[in-house]
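My questions all concern the structure below.
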Amino acid sequence: MKARVSIIMGSTSDWAVMEKAAKFLNEMEIPFEINALSAHRTPDEVEKFAREAETRGVEVIIAGAGMAAHLPGVIAAMTSLPVIGVPVKSSFDGLDALLAIVQMPPGIPVATVAVNGAQNAAILAMQMLAVGDVELKEKMKHFKAGLKDKIVNANQTLAEHKFDYRVQ
Amino acid sequence: MKARVSIIMGSTSDWAVMEKAAKFLNEMEIPFEINALSAHRTPDEVEKFAREAETRGVEVIIAGAGMAAHLPGVIAAMTSLPVIGVPVKSSFDGLDALLAIVQMPPGIPVATVAVNGAQNAAILAMQMLAVGDVELKEKMKHFKAGLKDKIVNANQTLAEHKFDYRVQ
Amino acid sequence: MKARVSIIMGSTSDWAVMEKAAKFLNEMEIPFEINALSAHRTPDEVEKFAREAETRGVEVIIAGAGMAAHLPGVIAAMTSLPVIGVPVKSSFDGLDALLAIVQMPPGIPVATVAVNGAQNAAILAMQMLAVGDVELKEKMKHFKAGLKDKIVNANQTLAEHKFDYRVQ
Amino acid sequence: MKARVSIIMGSTSDWAVMEKAAKFLNEMEIPFEINALSAHRTPDEVEKFAREAETRGVEVIIAGAGMAAHLPGVIAAMTSLPVIGVPVKSSFDGLDALLAIVQMPPGIPVATVAVNGAQNAAILAMQMLAVGDVELKEKMKHFKAGLKDKIVNANQTLAEHKFDYRVQ
Amino acid sequence: MKARVSIIMGSTSDWAVMEKAAKFLNEMEIPFEINALSAHRTPDEVEKFAREAETRGVEVIIAGAGMAAHLPGVIAAMTSLPVIGVPVKSSFDGLDALLAIVQMPPGIPVATVAVNGAQNAAILAMQMLAVGDVELKEKMKHFKAGLKDKIVNANQTLAEHKFDYRVQ
Amino acid sequence: MKARVSIIMGSTSDWAVMEKAAKFLNEMEIPFEINALSAHRTPDEVEKFAREAETRGVEVIIAGAGMAAHLPGVIAAMTSLPVIGVPVKSSFDGLDALLAIVQMPPGIPVATVAVNGAQNAAILAMQMLAVGDVELKEKMKHFKAGLKDKIVNANQTLAEHKFDYRVQ
Amino acid sequence: MKARVSIIMGSTSDWAVMEKAAKFLNEMEIPFEINALSAHRTPDEVEKFAREAETRGVEVIIAGAGMAAHLPGVIAAMTSLPVIGVPVKSSFDGLDALLAIVQMPPGIPVATVAVNGAQNAAILAMQMLAVGDVELKEKMKHFKAGLKDKIVNANQTLAEHKFDYRVQ
Amino acid sequence: MKARVSIIMGSTSDWAVMEKAAKFLNEMEIPFEINALSAHRTPDEVEKFAREAETRGVEVIIAGAGMAAHLPGVIAAMTSLPVIGVPVKSSFDGLDALLAIVQMPPGIPVATVAVNGAQNAAILAMQMLAVGDVELKEKMKHFKAGLKDKIVNANQTLAEHKFDYRVQ
């Protein structure tokens, strides 16, 4: 089994956030790998990783990082695979990580999602894989249809709140 | 009994905030309805809701949403009823929700209140209904007069703090 | 002819922004009035205005202000009419005016629109008046339908840009 | 005994912050008064207060407020006494209150201190009173000299932290 | 020729920014289409577009929008294709558009690029298409290699600046 | 003639802003002095100035500074006179200067006015002097009364804009 | 033993942050000293400290401060030694301290590190000392090499998370 | 002649800002080199540069970058030399560049200066070199003494502004 998506993060403290990406891919039965890599502490390993990812069969990279979050951009500079960046909140409500990931200069995009939005990163990765994969496309449609259920449940919960002037 | 005000929100997690709108309308004996609707998860239901609200007799819509809060603006795009937007705080102290609601482009206004300001949204809805409704206008004046009492009570509480050089 | 909407602003320098509200109301044939009033320079006149607006037949107030923009909130405190606030940009990209208008405390809402969003303020005022006015409701629907035309025109303009790989 | 300084605030919830102003004035034996007043809920009382403060012998006003903090500016508009504004933190880390107080338009200044900086507001009030009062000027110098002691104590505390390579 | 990438924007005023995406795709010989669509002014057309894009053969959508930029998120809600969002700067230095695009709730990601980063959006679209397309993958690598040349040129330009103490 | 107010600034580039303070004091016939002093470039001169200001008869200090604006706080640390700080805009719309001036720690207040608000600084200085000076108090009241005239003029200007549906 | 690095801070409440600088220097066996000094409460002591630091053999100064953080800049103004500034978080997520430290005017730099980044300040101090010190240079390289180990450990921890579709 | 300071920047568009660093070093007769290097476009060259800088005799690195400014941090990760980061303003008033440079994680500091503060970066580099270099230390003191002259000139310029109530 080859990993189609590679999840990387700067430290284990990012796991609480990035775990949601792993869970989603697992649920969707998309093979993935997880690694800790630091743009600042292990630049050689980062480079090796970025250079070899494509050869190893990886198709999309999800990179989470906080503060002056360089990891997603540095990886993007060294691969032609699409890179999805997850700003991990640790200071300034995650604004520093968001800007350090999204504001990439011309030539090297990082597909940025919301602060701590690791699940959405995994959904986006699946959408990218589904571009040329009919089966995944179906799964994605199924997943999207399922989002409705949350709202149905929400309405059932809200229905429990009774007010004299509430119309139902 | 027809709902004159419709309260909508993106998920049940917004209820803790939006409840204050329901309580105020209930207290003022203005018939209202409450629904969960998501601009992103149930776009069809949102459209159906927006298209039919006026026909069903709804006169004002209050929409609460957080993060990239699209619900109020999306509803406003599909109805000619006035829409009041409540930015619900969940990240960036609610700044993302505030800007995503208030910064609407020319042609489609959303009447925005403070972050988590659901009670004020209900007061504003009542003021709109009162434009052509003498009875509600009287109630509104009565409510406004009552705001003074809080200050009177506040002064009584403050009077308990004794200092040698305090003049009373 | 009685003014149904009252447009107020802190100084003539706000006119370039607030003019759009006047133009829209004029186009919609809704009688309105325009006045300069300053929460800080003419507090007595502001009070007199706020107290008498309703008696004079005004149904909605639109107040534009910049910087520490107190005018909309101060007016809202003195009337039970709905007040629409327009943050006028003059410093901090209008963020100071936006926060000083939208972040009203419980009890006294101001219906806030985008920075410099005076036209939207007028549209919102019309929506409020239309709550109990069938004719205005029709006009509003007509106006909303007209918004589409801009997009049609936009597409015609965009169609002029030719690229070898553009599909039309 | 006439109050030389008047402390006002929008609600009793501001007391936890504003108490520090009262304590400082008390310690300095400067007569003061404390009142709750709301620019939005009791505009008439605010006006009455502002108009009469000078006649009653008040020389400086300290006004604390949060969110769209209009109280200091509204008071400043109605009196020629110097008004000191204290932004009280309740949302956006107090940025909304700070901007709504400090960004006053030309003609009506409010002397703004740090977010929650009520003690500094009282010190500033004392400095203003001391402009024409030799005795207060001496007290102020004495107070300023005392600020050093905190640093002396800080150094004694820091001295307790032992490190092999610390030089003392 | 079917469009593989669909570029949409809210108004022709966004063209100056979005043009860079069209130019890049054209240069890379990737068939694309361009349309103006407004989440707020033409909600029906937006829905029709989103529903039919996949059937028409579109594989990736690039959506540019400013202010309370709902277009990318609204499209993403109605399709299972990957959607790339370009925040277009028009107020608050583009911060409102950035937050309104990137801060999407769980379930509906938008792949966000830098403010005005339309060229990067097109590069990202190409990277997504290249996931299952060997030829595009080669083109992408070629493009990336070409980025170096800019730096080589930059160094030649910098070499012209002579200083006595510059070492070359 | 002794200077009652001392205006200081970090460099001549601040003069365009600080000139308004000088003009106001001149108009009010309050003796003042103007000096350039830099907390960073001439710390000794700053100290000498701060230590001697009171002895020389200065009663209030107005200090303007931009960026990491330390001058007002540094002066305030070395004198017991009230210090008014004017944040001068040169980067970040003046937010850096505003925060560096207003966020003083307990014990050393700086009376902060709006970004570039030098005229208001002078008005505030006059209000402080007027605390113990009946003549100045009268002048201040006269000045405040004059603020109304601007609004009267504003209304005359606004009256020139004719609309079919404008009520005057 | 002479202190090569001097750590200063505004109050003992900064110790929890600044302690990390002391620990790092101790571990690296670089002699240092720790003092509390306040730019605002003890300006004379600050000046004395700054003037004498170099004579006493200090080679680098690390200064931590919060809010309107003037200490690093004021010290930098009075010495020609390099000064490293640590913004200590106490309000606005440390943004006020960051801007008040980093935005120094031309002529007087402060080498600023991240909010609460005291350990990095100590590393930077060591890098400066190592410029002319071969032994320290070796230690620094050794330390940098050690940063890798954290990542190795992180990967071991991450390896414990098992998923059906995880590839390892 | 070996370069003691190495100035690097992401593109020639940064030259207008970074030139001030070159000019200062030239004036101080400190040998330096200038190169364009991009963390994103030429990652291999960046690594080669970082690895060899020390061997080539470089003692301090000054790196300027804008937007998601990774260059200074990426260089710092690959060398044990001190790295000074200059945030170059191109969007968000330079806030994105500032946060992406200063908010480095523990272990890898970047000595950050003000937005566009290239001259200060050069001064800081000189201060670092002067740690073990008596001659440079003297030059630095001389330079600092010269900063006073600007203020003297400023006062002469200010002296030209005459007011009836100005005391000189």
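Should a chain be cited, it is by its letter among A, B, C, D, E, F, G and H, assigned in written order, with residues numbered from 1 in that chain.
One rule holds in what follows: a residue touches a chain if its C-beta (ideal position, glycine included) is under 8 Å from a C-beta of that chain, and two chains touch if they have at least 3 such contacts.
Being a predicted model, the structure only gives us computed values, none of them experimental.
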item	value
Touching both chain D and chain H (chains)	F, G
Third chains touching both chain G and chain D	F
Superposition rotation for chain B onto chain F, Cα-based, multiple of 5°	180
Identified repeat of the D-G interface (over half of residue pairs identical), from C-E, B-E or B-C	C-E
Inter-centroid spacing, chain G versus chain F (mean Cα positions, whole Å)	36
Rounded Å distance between chain B and chain H, as computed from the means of their C-alpha atoms	51
Chain A-chain C separation of Cα centroids, rounded to whole Å	41
Gap in Å, rounded to a whole number, between the CA centres of chain F and chain D	19
Residues within chain C bordering two or more other chains	38, 40-41, 67-68, 91-93, 95, 102-105, 107-108, 114-115, 147, 150
Every chain pair in contact, whichever chains are involved	A-B, A-E, A-G, A-H, B-C, B-D, B-E, C-D, C-E, C-F, D-F, D-G, E-H, F-G, F-H, G-H
Contact set on chain H toward chain E in their complex	1-3, 11-12, 15, 19, 22-23, 25-26, 29-38, 40-42, 45, 67-68, 91-93
Sites on chain D touched by chain F in the complex	59-60, 80-82, 84, 98, 102-115, 117, 119-121, 123-124, 127-133, 137, 140-141, 144, 147, 150
Chain G residues touching chain A - in the complex, by the definition given at the top	93-95, 114-115, 147-148, 150-151, 153-155, 157-158, 161, 163-168
Touching residues (chain side chain F, partner chain G) in the complex	10-11, 38-41, 43, 47, 66-70, 73-74, 76-78, 91-92, 95-96, 99-105, 107-108
